[in-house]
Amino acid sequence: MDTVRSILNLPATLDNLPHALAFAENGAEAAGVMPKKMIGLALAMEEAFVNICTHAYKGGSGQVELACVTGSDPFPRSFVLEITDSGPEFDLLSIPEPDTSLGIEEREIGGLGVHFIRHFTDHADWRRENGKNILRLILNLDAGGSQAKAT
Amino acid sequence: MDTVRSILNLPATLDNLPHALAFAENGAEAAGVMPKKMIGLALAMEEAFVNICTHAYKGGSGQVELACVTGSDPFPRSFVLEITDSGPEFDLLSIPEPDTSLGIEEREIGGLGVHFIRHFTDHADWRRENGKNILRLILNLDAGGSQAKAT
Amino acid sequence: MDIQTQQTGKATVVAISGKIDAMTAPTLESSISALIKEGCVCMVLDFGGVDYISSAGLRVILASAKSLKSKAGTLLLANVSGPVKEVFDISGFGSVFTIYDSVDAAVAAG
Amino acid sequence: MDIQTQQTGKATVVAISGKIDAMTAPTLESSISALIKEGCVCMVLDFGGVDYISSAGLRVILASAKSLKSKAGTLLLANVSGPVKEVFDISGFGSVFTIYDSVDAAVAAG
């Protein structure tokens, strides 16, 4: 199977969120991601994107790069969304899950981003490479499969 | 003025045309290109994009990259759409204008692409760099200005 | 996102439609803050028209609930279904808020 | 792009709407070819609903006109305005085709 790769690279600003979402959704649709998984992809990607806009380039500006990839190892039967920033080393996935059982008073406002990323993807991972943070959100293309989760 | 740069890199296939158009239109809108120039931008960009899909990667597949750039030298007051392919050296702008005065019988079917690119941009240029063809379509942002055309 | 406000008895019903994301959440936040500032203490958020809500939206709801609670007021949620319900569920909002099947039920409870 | 076909006397009126670009032009081409194959010799293309046409679309029109001419038929164009008119003008289509202000005028001339 051929690897298909589309890349969108834009300034990491909140007003680019709709364009980033449209790009990810188009890529996922072309790859054959099931419609019912689309909203989860959008939610996971919004959280990652917004974190970069808000935290990655403190006091400055920078770019965020999205790559829609299909047919690539080690996930040939998955849709992979890679989200790359050039900010300081930071692994969003290292943040502990929020306690979602607390009442209004005790609840932290925020901290749900990572939780959404974990919940709405079949697999997610992070690596630091060439001075960049690369977060991968992976959705399986097989109807009932959980192949990516197993790796 | 800061340079703002957004890049979309995708497989050079006709079915990516709507995504490419949406990207260019979003970029132009954000840059402040006047609405009445939008359709001309779409026409010029469609011609360049389709040529790459059809001619640049004979018998194979390849990528096409679009960059929306504003605030860059030597066109700080213009919106620049850069269209890059990795096919053989080819300057679309070297093709002569079609003879648009001929009757039905004599008319070549085709050859209008370059004409549209010239007509609907304020300026267009081409260069070969690092084994790539880079076509720039330039639209002025100033209402009545023709600053880019003058250079 | 679109926001429509209506007074029903002592309750202020805020009908939201469209997407509540990081781009639109600040608009919702300022609309709700303005209502609280004007003296609203019983607010019903109608999610019937909402098809997307991200954590930025949840944050606004949580902040609004805290703000109302500090004024002895109350925030009620109605018509939460589909993807919005899933987001509420995985965020534990189901246990923090009572969710009503209709605006009328929420108003009656408020 | 959407295509609606209707027979008016001896003329076949093809009402096109939406965008005629490199993606959609092949659909238009095969619709027109099919009509010509079915024996249509007087065809009116109604551009009233078209807001965009690129060279891929012009190519289809030119090819259709040639194909009809070779069968002693004729292609008439109606309701060309706005951006579509500009594209026709700069392509010299204004001198190749007579463009009618309405479908009725085109049918009457056909």
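By letter and in written order, the chains are A, B, C and D; residue numbering begins at 1 in each of them.
Everything below uses one rule, namely that a contact is a pair of C-beta atoms (placed from the backbone, for glycine too) under 8 Å apart; a residue touches a chain by one contact, two chains touch by 3 or more.
Not measured: the values here are computed from a predicted model.
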Requested in this report: Treat each pair of touching chains as one step and give the shortest count from chain C to chain D.
Outcome: 3
Requested in this report: Minus chain B, work out the clusters of chains still connected through touching contacts.
Outcome: A, C | D
**Report entry** Intercentroid distance (Cα basis), chain D paired with chain A, Å
**Finding:** 46
Query raised in the report: In angstrom, rounded to a whole number, how far apart do the mean CA points of chain A and chain C lie?
Result: 27
Report task. Give, as an integer number of Å, the spacing between the C-alpha centres of chain B and chain A. Result -> 31
Report summary line: Residues of chain B that touch at least two other chains are 15
Report task. Scan chain D for residues touching two or more other chains and write them down. Result -> none
**Report entry** In contact (per the touch rule at the top): chain pairs
**Finding:** A-B, A-C, B-D
Query - Touching residues (chain side chain D, partner chain B) in the complex - result: 21-23, 51-52, 54-56, 58-59, 62-63, 65-66, 69, 83, 87, 90-92, 95-96
Report task. Write out the stretch or stretches of chain B touching chain D in their complex. Result -> 14-15, 17-18, 39, 42-43, 46-47, 50, 53, 99-105, 107, 109-110, 112-113, 115-116, 119
Query - Residues on chain B engaged by chain A in the complex (per definition of touch) - result: 2, 4-11, 15-16, 19, 22-23, 26, 30, 61, 63
